[in-house]
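Alright, structures below, take your time with them.
In what comes next, subunit A is part of two complexes: it sits with subunit B in the first one and with subunit C in the second one.
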Partner chain A sequence: MTGAENGAGGRGGPGRARLWDRLFASDHVAGWLFVSPAVVLIGLFGVAPIVWSLIISFQQNSLDTSGIWIGLANYRHLMHDPAFAASVRRTIVYTALFVPITLFAALAVAVTLNRRLHGMRFYRTAVFAPVVTSTVATAIMFSWLLDPYFGIVNLFLNKVGVASQSFFQDPSQALYCIVLVTVWGWLGFAVVIYLAALQGIPRELLEAAEIDGATRWRAFWRVQFPLLGPTTLFLVVWLSINALQEFDEIYVITHGGPLASTTVVVYYLFQQAFAFFDAGYATAIAYVVFLGILALTVVQLLLGRKLVHYRS
Partner chain B sequence: MNRLRIPFWVTAAFAAVALLILALCLAGCGSSKPSSTITFWQGYTDIERTAIEQSVADFNATNPGFKVQAVFAGNNDYALTKLRTALAAGKAPDISYQYGSSMALLAKLPQVVDLTAKVKEPAFDWNDFFPAVRLATMASGKVLGVPALVDNLALVYNKKLFDQAGVSYPTAQWTWDDFRTAAKKLTNSSAKQFGWAYINDGSEDTVWRFLALLWQAGGDLLTPDNTKAAFNSPAGLKAMTLLYDMANQDHSIYLDSGNDNYLNLFNAGKIAMLWTGPWDISSINAGVEYGVQILPGDVSHATIAGPDNYVIIANGSQRVDDAWKFLSWYLSPKEHLKFAIATGDLPIRESETKLPDYTNVFLKKYPADAVFVANLNNVTKARPNIPAYPKISADLGQAVQAVLLGKLTPQQALQQAEQQVNADIAAGM
Partner chain C sequence: MGDDTQTRQVPAAVGVAGRATAGTLELGGGLRPGDLAATRRWVPSWWHLVLIPLAVVMLFPFFWLVVTSFQTLAQSRTFGLHFAFQWHNYVDAWTQAPFGRWLFNTTLVSVTVVISNLVFCSLAGYALARMRFFGNGALFLVILATLMVPFQVVMVPTLLIVRGLGLVDTLPALMAPNLVTPFGVFLLRQFFRTMPVEIEEAARIDGAGRLGTLFKVVMPSMRAPLATVGIMTLLWTWNDFLWPLIVIQSEKNYTLQLGLMSFQGAHNINWPLVMAATVMTQIPMLVIFVLAQRWFVQSLATQGLKG
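The block that comes next holds the complex of A and B.
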């Protein structure tokens, strides 16, 4: 408190009014009042459920009756649950395909779109459109495109002499079809990020490479690609976090099937919570998924620190 | 250092706004209704919603003392989840629409009112309700709800496709062989036309059609005391074999992955027969000429009902009494028939079918419903109302799916499912 502020507290009598004035004149109070609606909302809908679900994960809890404390039993059950292990394996396969495919496809598309061409705005909008399309609409569209009997994809395959495929109806194909659907949905997002990064690379660097006799291919991999490092790292982290939580398309198209072949870990969690009403087990899975994502992100960021070149 | 001085009134204004927002947040979660209004959660849109709201308005106009408020609580598929969440939050309604398959889980909730004594009031005339619907209100030996809706599976067929293939229409005497032969004849791979459609997502939608087959063959899902699987039997094998042969030899089944494409395909003339209920009838296009017949039979022509219930939540004895008073009126033969005429829902009481408006208005408006009503007599069994049912359903769903996809033989699938079901029942005890 400065003397100037004390001096301003002349309203009303001394003593109480001065304290009142001082309190309200302090930036702390004003600051907290400014943020209090946000703090209350985040606390109520963010922090409280996170803490609460941690508590539930130590209980046998069906959401309605108050839970029974069972310590780590849910977590122990998890270690020996073959269906959970299988869902984790599927999630890993899914992520290992989804992230690199999206990344490389987006890079290729972004480089293609990073030039001055007539109608480029249209192409850029077209590439971004799937991102702002509802995932449910996307999923329903693909379930028709890839329908084993009536889908247009099989029609084309038949035209070029390939036998009809079962796609979402075939346990050995369904997960890969989900990869395809989600890559399509996420591509535009990654393209936009890459495009912005590409446009931030100074032309002089490419010109210098050209003068030094580098081919375009070489200039791309030796100059542009390293400069995109921070962007690539961001996308790897972001796409991985989302891939590990894949749910919507599976919920709409396959319901985790056929024969559980698309039951990834979050879908398994959903089943436990909302089909079998085992909230304790479901929240335990949620916490394991959370720790898994956290660990993967830390590893990615540490690796990134070594591999990524940051322009100063 | 020149620090920003915020005038007193600005700070005070922001404090007031912040407090107001806080108060609204808290008030929003804690609003309470006067006890003279009871809340009725329902999950319908369209015609049913209008009909429900009309009934409630009629009741409110003629019954002084308390009011009923019908609230759309979101799709019925989530009614159980919503009710449980509302109970956890202490904000439950007085009446809630619930699926019959949820009764065992509802039985575990102390807040759901036991209606065993109330339904025996002579004025309620409990035995007037069809046996299938009464059965579905029971769990743990108690009556925990009153019937809200009943339906069942019947054979719905596209007449034009039968005519084109030169197959005579299904009769009430059709056997499984008749059904299989017809499905095969109605399948035309070059025209991408299928005899039958089966929902193959492994959900309850997959399972309940299999249960109908199992019961037709004389089998059952569990032992009478609900302690062990009983479907790995000659009857179970017969039912699974029919599905296996039709899907993998005849290729006469369109396997729907659970996104309800089958109905669009039925409308497009690509699927000749469905095993479905009254709820799909309203979605059949006007131009499609269809017929309805009871399911084909083996030992019997058993079908399965999917009855839904209204449950009452204990929010104080006065409110329970009011809720009961409303439901008794709402489910009286005259009122329910009015509702049925508005919506095409089936009658839930035997006496409704004796009222003049049933023949003169209801059957004229919904001719297909005559078969569904008659078919209620083929509902002789119900799914076991035990807490392990959702898991049993999931196990069996996987088995049926494996058979339809030809990944397991009927014998293997039944054995595997039997082991899982027995383990789930044991774990649930």
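The block that comes next holds the complex of A and C.
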């Protein structure tokens, strides 16, 4: 049978091969051999940095292996840093807009795409294409579309009688424009997830609801939407985690500006680490962000457990 | 909401056939030989009135990207709709920055990371799913924990570790932290667990070794999850921005995305040139996506179901 030669070689071979076979037959030996590459690499680039990062957060560290232990000073500084508080507020505003907009837009688009029509392949490709476009390219495309002087969006606005806007160069608009850009970039991902879930719902359920006299609209919200509960919960958690870490588009388009109006918390910590070389403070911020993400996720999952009904 | 509009528009028989097979991803298969040739090509539906604007909104940034990349600098700096067709921007962008080199770097890094993930995540995922070795439970928990930690938490020490290994500003620095991803190990472990043990036991009785069993008996039926790990890893590595931004300094070691960012920074008054560069850097992944769309979609969906 397949792979017989592996065993046959060992059975008839010299003593050393037989010893090796016997060792390899043990789950302890074979198991650790199988996981060893993963253990080494995840240990070096996953576990070690998590621990080291915590240590650095208690240090005055200028992006170096040697730091001065300063205890909780970084965390105390963080509590009284108005720039940090402002960056947290912007992150919350961004997340509070990005997550629901993406979620509801994706639900509507997925329901629209979940039917058999000519040209559906094209429509789906159109919705999915931004997913494989890099964040840098997305950012560049939108800074041109929304260019205050020569951007085509302003041309359209002028055509319908609206004055030109400054978009990314206006402190009161920039963050909302970032929301727009990232919704465009993430929509396709959320649609794929919703589509997969919609296609897993048996049609008999919907038809039964219709026979019972429910309108399409009611049948959707009463039958289909509850069945999408686990998917919605996953998307809320996943989109929130990513929204709280938003960085790429902001770095490319606004560099946190104008007037720090798009300096979200991860951009702020990036500045601390790689512009001001205050690695201790940056890692302290990173840990607080991590705890924030963890807390939000736990709350969402607990709420979700109450609201979402899992099928069998 | 359902496909009522469609059913109303087409002959009843087609409606019934459409219903019976609804749920499959392919389209337009429900037509019978008796239908008019015209309806075979285009079944009118009100849904197109929703879908066409949707497609326009999603595709317009790409459309305007391509249009601008063919404009002259003067056209782009005059407020208005301008269409032109001159290749100059592409030639200029290509000669003004080493895009070929960046494409090579990105490909080398991505391919290495994808292959390494497929091999090592399979080995680890299989062991964690099937073997009871000392500490396997704890090890799995540790891997799960690292899966949840955002990159920002680890980026400073990761840079220090990479610096300690003497890899700063080299291509291996881009590969090393991603050679084995906790996501891949976790996902493959979950899939290995869902497979029946009996096949493996039969293979073992037939004299197949552990590696033989894994690679010749188990792996062939793991095509879908392996594709997911491969495609997700490819997308992450190819489009990654923050890590290359931190660890790479010399232009010759840039990835496509890093190169594009620096190119835009250097030429940000010349939008047609920047747009040509953007088109060039996005084409490889878009082509792969269009060719393997089914696998991409399935991979993203799998991530949602198991992630």
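Note that in this section the second predicted complex is superposed on the first by the 286 of 312 C-alpha atoms of A that agree within 3 Å, B and C clash if a C-alpha of one lies under 4 Å from a C-alpha of the other, contacts with A are read in each partner's own complex, and residues count from 1 in each chain.
Going forward, a contact is a pair of C-beta atoms (placed from the backbone, for glycine too) under 8 Å apart; a residue touches a chain by one contact, two chains touch by 3 or more.
Nothing here was measured: the structure is a model prediction, and the numbers come from that model.
Once both complexes are superposed on subunit A, the partners subunit B and subunit C clash.
Using the contact criterion defined above for the overlaid structures, shared-chain residue A:260 touches subunit B, although it does not reach subunit C. In the superposition on chain A, contact of A:62 is made with subunit B only, not with subunit C. Looking at the shared chain after the overlay, A:72 reaches neither subunit B nor subunit C. Considering which of subunit B and subunit C touches more of subunit A, the answer is C. Of the two partner chains placed around the shared chain by superposition, subunit B and subunit C are both touched by A:149. In the superposed pair of complexes, A:169 makes contact with subunit B only, with no contact to subunit C. Applying the stated contact rule after C-alpha superposition, one finds that A:119 touches subunit C and leaves subunit B untouched. Looking at the shared chain after the overlay, A:276 reaches subunit B, while subunit C stays out of its contact range. Once the two complexes are overlaid on the shared chain, A:193 sits against subunit C while remaining clear of subunit B.
Of the two partner chains placed around the shared chain by superposition, subunit C is the only one that A:184 touches, whereas subunit B remains out of contact. Aligning on the C-alpha atoms of chain A brings subunit B into conflict with subunit C at a single listed stretch, 258-266, out of 258-266, 276-284, 312-320 or 402-410.
When the two complexes are laid over each other on chain A, subunit A has residues 2, 5, 8, 11, 21, 24, 27, 29-30, 34, 37, 41, 44, 63-65, 140, 144, 147, 149-150, 252, 274 in contact with both subunit B and subunit C.
Only residues 1-4, 6, 18-19, 22-23, 25, 27-30, 41-43, 45, 47-48, 50-51, 54-55, 58-59, 61-62, 64-65, 68, 76-81, 120-121, 123-124, 126-128, 131-134, 136, 139, 142-143, 145-146, 148-161, 164, 176-177, 179-180, 182, 185, 203, 206-213, 215-217, 235, 238-239, 241-242, 245-246, 256-258, 260-261, 264, 271, 274-275, 278, 281-282, 285-286, 288-290, 293, 296-297, 300-301, 304-305, 307 of subunit C touch subunit A when the two sit together in their complex.
Here subunit A touches subunit B in the complex through residues 2, 5, 8, 11, 21, 24-25, 27, 29-30, 33-34, 36-37, 40-41, 44, 62-65, 140, 143-144, 147-150, 168-171, 252-260, 271, 274-277, going by the rule given at the top.
Only residues 3-6, 8, 11-12, 14-15, 18, 21-22, 25, 81, 84-85, 87-88, 105, 108-110, 192, 194, 200-203, 254-255, 257-259, 261, 265, 270, 390-391, 394, 398, 401-402, 405, 407 of subunit B touch subunit A when the two sit together in their complex.
Residues 1-8, 10-11, 21, 24, 27-32, 34-35, 37-39, 41-42, 44-50, 52-53, 56, 63-65, 109, 111-113, 115-138, 140-142, 144-145, 147, 149-150, 152, 154-155, 184, 187-189, 192-193, 195-197, 199, 203, 206, 216-217, 219-220, 231, 234-235, 238, 241, 245, 247-248, 251-252, 266, 269-270, 273-274, 279, 282-283, 286-287, 289-290, 293-294 of subunit A are the ones touching subunit C in the complex.
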